[in-house]
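Read from first to last, the chains carry the letters A, B, C, D and E; within each, the first residue is number 1.
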Amino acid sequence: MAILEVDNINVYYGNIRALHGITFNVEEGKIITLIGANGAGKTTTLNSISGILAPRQGTVKVFGQDVRQIMPHLLVPKGVIQVPEGRRIFSRLTVDENMAMGAFTQLDKATNAKNRDRVLQMFPRLRERLNQIAGTLSGGEQQMLAIGRALMSNPKILLLDEPSMGLAPILVDQVFESIQDINKAGVTILLVEQNAYVALQIAHYGYVLESGQIVLEGDAKTLITNEDIRKAYLG
Amino acid sequence: MKPSFFLKSLAAVSIVAVGALASSAAWAVKVGPVEDPIRVVKIAKGAPIVIATYHVISGADTALGLDAQRGAVVAADDLGNKLVGHPIKFMHEDDGCNAEGGQTAATKIAANQQVVVAIGGACSSATRPAAPILWKAGIPDVATAASSPVLTAPDRGPSYDGLLRIVYNDLWAGREVANWAYKVRGYKRAATIHDGSPYAEKLVRVFQENFKKLGGEIVSDEAIAPNDTDMRPVLTKIATSKPDFIYAPTFVGATSYLIRQKKEIPGLEKVALIGSDASMGAQLMEAAGKDLLGFEISTTAMEPEAQGPGYTAMREKYKKMFGEYPIQGFHGNGYDAMMLAANAIKKVAITEKDGTTYIPIKALRDAMFATKNMQGVTGKITCDQYGDCGVYNFAIYQYTNPDPKTLEPGKNPKRIYPDKF
Amino acid sequence: MSFEIVASSFQHKDIEQEQFRRTLKCGAIGGGTVVALCVFGLINQFMERWIIENTLSLAHATFIGITLTVGALICIRSPKLSSAARIFQGFLVGVVSGAFLSILILIMATFDVRHMFVSLSPKLLAFLSYGFDPYTACLVTILAGGVLAMAGALIRESPTWLRKPLIVGLATAFFIGLFAELLQLAMQYESVEPIRDYMFTWEGQTLTGFITMFVLGFAISLFWVTRGKAVMMNHRAKSSGSQRSIRYFLYAIAVVLLLLFPMAAGSFFGQVLMLVGLYVLMGMGLNLEVGLAGLLDLGFVAFFATGAYAIALLTADNEHLILLLDRPLTWWEALPLAMFASLLMGLAFGIPVLKVRGDYLAVATMGLGEIIRVVVLSDMASPLLGGSQGLLHIPRPWIGNFELSDPIHLFYLTLISSMIAAYFAWALENSRLGRAWMAIREDEDVGQALGINLVNVKLLAYALGAWFAGLAGAIFAAMLGSIFPHSFQLLISINILALIIVGGIGSLPGVVVGALMLIGTPELLREFGEYRFLAYGFVLIVMMRVRPLGLWPSAVRKREMQSAEEAEALLRAQSGQKA
Amino acid sequence: MNLERLKQVTYVDVTLWLMRAAVILLVIAGTIGSVIKDRYTTEQWVSMVMFGLTIGGIYALIALGYTMVYGILRLINFAHGDIFMTGAFTAYFVAAPLAKSGFLDEYLIVGMVLISLVAMTVCSCIALIVERICYRPFRSVRSLAPLICAIGASFFLQHAFRGMYGSSVRAYPDVRWFDVVVTILGFNFPRIQFVVVIAALASMYALYLIVHKTKMGTAMRAVSEDRDAAALMGIDVNKVIIFTFVLGGSTAGIGGVLYAFVFKQVYFFMGFFPGIKAFSAAVLGGIGNVPGAMLGGFFLGVVESLGPALFLDGLGIVAPYQLRDLIAFTMLVMVLIFRPQGILGERLARQRA
Amino acid sequence: MTIGQTLLKTNALTKRFGGLVAIDALDLDVKERSIHSIIGPNGAGKTTVFNCIMNFFPIEGGEIRLSEERIDNMTPDRVAYRGVGRTYQNIRLFKNMSSIENILVGMHMHLKSRWWGAVLRSRHSRADEKKASEEASRLLQYVGLRGKGDVLARNLPYGDQRKLEIARALAMKPKLLMLDEPTAGMNPSESLEMVGFIRGLRDDLGITILLIEHHMPVVMGMSDIVTVLDHGTKISEGPPDHVKRDKKVIEAYLGQSGVGHMT
């Protein structure tokens, strides 16, 4: 079942058209990836879904409901949360406070505690640093915190924007392993990545974006073996 | 045409023109049946007689100017809003209490040749550039609270010929306080505080000069910023110099802070604080509260018998018209300025049968300067040749009750000097 | 903007309920404004001012104007309704507005609130109730509100050819009435006396004058609405060359009129224009700092004061005369020295704050400006600077045997100076230095890494800006003949900054427009002195809301903004707000 | 090596060093001068410090509003000083009848709470209106518009209140209990001074708890750091900003009431200078930093109170108290030049990419 | 190509932020006419090295020399005068100025006209201006932005912005050009083009290039020397082939998966 439907959206920045009729669906329980170069429109697509950008045409439906009728901050309690590009953790807050912010819309204390345990279990490094100021964490730990923070909201759909950015390849592997684990726990994931190779390795299905358009789509397995892709994105 | 010829003819024309202008200036102006060396204002039947005022009515010093302006309005009301058969129309301008504001306001007033007389300048800095502009346009000016000596100094020059003022000269006030303090009270050590306003600073300087001349000592010469609220440090400093009394001719705000905070300063409990009439009135009583008891001000006598009997009635009328009791001490001056002008106008105005009124300005100016023993609400007003019409019957008053409702000059504040006039 | 879609889709609720809320809101806006005007005491003042003598006061006109506006407003706000429904809704809005005022009348009639709200005087009550008893007055107010707002709606709903002339006619007559006094001042010539007497009395505009003006405005507007298009088409059809020559011709006429106006209109207008000119001059200076180099400066008044004080010290014949001179200088001799002194003051400001950026810079310069003011006023400096007693006896400039004594003469001096300043600004903008300024405004670090010496470039901005302020100060001192520290308040700095922003930052014509708007207009409304700053504040807010780029934005800024729309959209999007 | 460094020294550095040296020298010379003159007794010094703390506490309360708004919007709320005025001025109309009826003397705490509540409500409402009109429309556009708009709001507020309540000074009532002089360690102080300092500290502690221990407070800090990321976490940014303005308004309201009870009078222009001073205090402590505002407020209050006596008097400057603002502004400028991050500054020095 | 003597040299360069050591005693030796790359994981201190050389902030220890002259205590504009130009990771053009104006700002230090010259419109300053704008046009053409001189920088496409930024740096006529991730956000074919372009800079103009890059193919393809940083310390240095095989590099940076698609 498609829990996220993006139907022919067009987004403009002023008069510049950033997206040209993007259409795709996300099936429940899957990892879907959008790959493409910088400026291809990946983040714009993601922002349109999370409601902070409003497409001029087209619709985005989450669980069958039009996103445009929901204020962006009300999307989070509906189960959609975005981990923004560049992590964007609150570096002057402690790790614990960061996680509390992720659970901002989650009013139930018991659920909160459960989620917190789950996240700390998944990222034991964070448990050691609960009271540390988040800005002092290393890059990898920050990415874990960013994902952990998002998980605190108990999402059904997790929108990940470039989780590999700025991480040493060795850390990228770790982060992507965690993403797979989260997915296995039942969270649907929409993954936006420049690093096509790693993204396609864990994804079920992939779309390739170029200049605001989807130019190619297919099973991750097929895409990874696609000659064009290999040449264009894998070098 | 040869240029030389052109130039010559141009020169000739200019000479004729200039000559004509000059002679026209020298000749008297004749309008209707009235002739006057300066100008004549003609007021058609039913047309209003225009009185201009300029005061500070915006910004931090608003209360000062607004009070004087309202005084003039009350006076007009007392006149039935009519003068020599014409309705009074005010033209209120704002001078912002600064020189350029005074100049702009005066220029605007001067541009209106219907204006008979101007009332204002509550600030000396605004009045100084304003008065010459007004007089150049043939408008006499009665200042309401501008007390700087330079305005009526003998060397003030012909451009100030049209300026009078219904407020005392700082020179007198400072001198009298010094005399009284030294001779009557026997104070030898004086501390002074001013707030950086031209008024207070000048008063303090004059006082210091006279006090020293008499043999007294200025043990502390302090100043505060006009917006200061915390006077305790400066009072503490004054306390260390052990003065016999403190002379602080500051405005209501600062004075009430001084009064309230003085009692908290060890060593000053018994030291007298003496203000000026800048801090006279209900406003201060309300602001200073019960600490006001015993506070003394040096001012011109204010009892009905010393000044106009009409003061109390005027005050009530003020409250009725503006919703609050007088907000400063200069409403009486505004009132009297208006009355002085009105009296002079009555004297010189010539109304024809058709209802047209003519007011010769030179005559008006002279009539104003010739005012003698006019009963105003600030006292009996007599003008000298330099335009000083302010009444200054030096007196010292002491507040005996902090309730603004009990304000009744003579009783509260009670006159303690001189015993009788 | 794409957000409107989002916002409008929210209003999916019951349309009727929505409409009801809208009516209430519009009514509340109108009623609230009227009540506020009463409470603030403006109506008390407006009562005294006749638009039509003894018939229609400014207070009436304000009430009528506001009610008409809300009536029209509700029509604009409810595009979905039928015309009749809109007009009825106009009536309702008027009733709501009237109800607000009625409540005020009842309160005033029942309680004595004057000890708190000093402006709610019996006179105001009498004015508001038209001599009726309070309850009747309320009824009348409500009904009158309804009818007037309905009239507003009607005007809004009427066809364009009728509506525009109607509005223009009313506005013309209103403004002529509002400025009756000033217009009379400008009409003090024998030749125009008949017109003057026909139009005005000293109380205000005559009824015949009002009607004449209305008809005149109506007719001209009608002509424009019906025929104007043809005229414009005709104009457009001409070659661009002839269009340009027409434009230049119009410019030339405007310039000539500007030059002649103060002479014709008399010294008050001369004085006002003179002040505007001074602010333009200072605005040009500050524009170099803020507009080009991006150095926010709230202490600009200090440079102005330096110029004025330097002139006073060098030329005035009194005990404060600088000791090195054996005679006072003439104004012209002192001018370069005064400007140099300001320039030095600019450097003295600039050096300490070189590393301070943005808002902090504004605050730091404000602090420096205040330091100067406090020092000038203090007893400490009074032996030299005269303290609060100021410096007196400053001579006016002479040209040959001609004394520049009248404001109008000085206005021309200011005008010439402003033109020089404008030329400077224009020439520098397109030079190596101007580019460097713009570069550091955009990105200081990058500019420095490209070899721009920040110290020199910034100091030049301060120094040149201060230079012009010093010139303005010198003229100011000559204009007044005496200067006092109270003329150099923080307010001046705020005024200058506000005027260049309201005019359009970085734009030279903007400086002029801003000065006319913020300095000229308040001077014309001097008799509302008590409320001048209320209006000033209001205008600042409205200006920034309606035209955040200023009245006459510079071409560069406009270009920026057009292309920056996308950036703005992006930013707004990212801040996560929809409504 | 040192020589090479010296070669790079410019006239700017020299000027700055001279400035710094001059200020320090003047301060030291003045202090020595004062000590030698020995004009003041210990008791006088102590009471001056206490005055300073009193006014400083009020500065601090106002400064909190500046600092919080700056923290979250990166904008200076120029109208905040006038917001402070609105509350104190309006509360007068509650305080005066309460005092007249004897209620205030009888039930001091209830009365004070009532008065403070009125002031807080009014200040918060006005703060919200200012936010709605002057800040929200420009929230994401980097321009000078909000600055000018806020300056406009400041003028508007002053003169609207002048028109409404009149231009006269209104006197706050005397409260018997406040005026009692108490003796501590042999020094005498009026009770009101303690009340102000304690009330200021208590309000600030409460505020600290709100900002650091509640979810809304944490959200405030989160929004102040990264508004977009906060929005993505489901935080309603609008609500947080409104909350901030309400908090700032409330502290200003408390500050206004305390100010009114210390100085006993209110009028329409009263907000302007305390506003500027409080803003200086906020900068002094490190703007955007709540404890910094506190510290800056007290510091400024004390220096202002002691300064003229300690530095200027010793130098033999005439009428030093007139120059009190000079000290405040000099301090502000020096801090901005030499330590722009303020006394407390950023706790975490982190380079932003 | 001929690689010359040392142009830029850092000795035990150390930079701390608070308690965090961003660069720890780094020795760097950039030879004249070489292409020298710095690679390393994010947060390794690569951009910090650039900022230190440019002297955007004071360093805590060590020294930086350009052609034997100490530059570590100079203001950035003086460093620029000595011939160091740079670009930025996140493009920092003067976005509200046109392309040509951007380049003219880059020429700032080579222009001689003074403000009074501009005001008086002296012949000299007019000639200077004219020459400068001609040269700017030439530069635009060189980087492939011909005819886009009047376009505001913010309106240029991403790739063009990168080019304009390089053009602006070239306008300074630098001896050493520091490029911070010049191919970030480019697709492989664009990257390839950029490689050729950078090579051209070195070969045709004789400019020494110091480069930060993430794209391994780019780095390995054109560098003469590669320096690998991790946590502010140099863990490896040498020709690309050498670095690629360095165990330490693989462990710290490339990771197992990285090795796979590095070539």
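Basically, a residue touches a chain if its C-beta (ideal position, glycine included) is under 8 Å from a C-beta of that chain, and two chains touch if they have at least 3 such contacts.
Quick caveat: nothing in here was measured; it's all calculated off a predicted structure.
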| item | value |
| --- | --- |
| Steps in the shortest chain-to-chain touch route ending at chain E and beginning at chain A | 1 |
| Furthest chain, CA centroid comparison against chain A | B |
| Comparison of C-D and C-E by number of C-beta pairs in contact, larger one | C-D |
| Centroid spacing, where centroids are CA-atom means, of chain A and chain D in whole angstrom | 43 |
| Where chain B and chain D are represented by their mean Cα positions, the distance between them in whole Å | 38 |
| Centroid spacing, where centroids are CA-atom means, of chain B and chain C in whole angstrom | 32 |
| For chain D paired with chain E, centre-to-centre distance based on mean C-alpha positions, whole Å | 46 |
| Interface hub residues of chain C, defined as touching at least two other chains | 118-119, 374, 377-379, 530, 533, 563-564, 567-568, 574, 576 |
| Residues of chain D whose C-beta touches two or more other chains | 159, 162, 166, 228, 230-232, 237, 318-319, 322, 325, 348, 350 |
| Residue list for chain B, restricted to those that touch at least two other chains | 58-59, 62, 66, 196, 221, 223, 225, 323-324 |
| Touching residues on chain B, where the partner in the complex is chain C | 47-48, 50, 57-59, 62, 66, 89, 91-94, 96-100, 103-105, 107-108, 110-114, 123, 125, 128-129, 148, 150, 196-198, 201-202, 221, 223, 225, 321-324 |
| Chain D-touching residues of chain A, taken from the complex the two chains share | 50, 52, 71-77, 81-82, 84, 88-93, 97-98, 100-102, 104-105, 133, 135-136, 149-150, 153 |
| Interfacial residue positions of chain D with respect to chain B in the complex | 39-41, 43-44, 47-48, 51, 55, 159, 162, 166-171, 173-174, 181, 188, 190, 263-265, 267, 269, 272-273, 304-306, 308-309, 313, 318-322, 324-325 |
| Chain C contact footprint on chain D (complex, rising order) | 10, 12, 15-16, 19, 74-76, 93, 133-134, 137-141, 143-149, 151-160, 162-166, 227-228, 230-232, 237-238, 276, 279-280, 283, 317-319, 322-323, 325-326, 329-330, 332-333, 336-337, 340 |
| Chain D-facing residues of chain C, complex | 36, 39-42, 116-119, 296, 351-356, 359-360, 362-364, 366-368, 370-371, 374-375, 377-380, 455, 494, 497-498, 501-502, 505, 530-531, 533-534, 536-541, 543-545, 548, 568, 571-572, 574-577 |
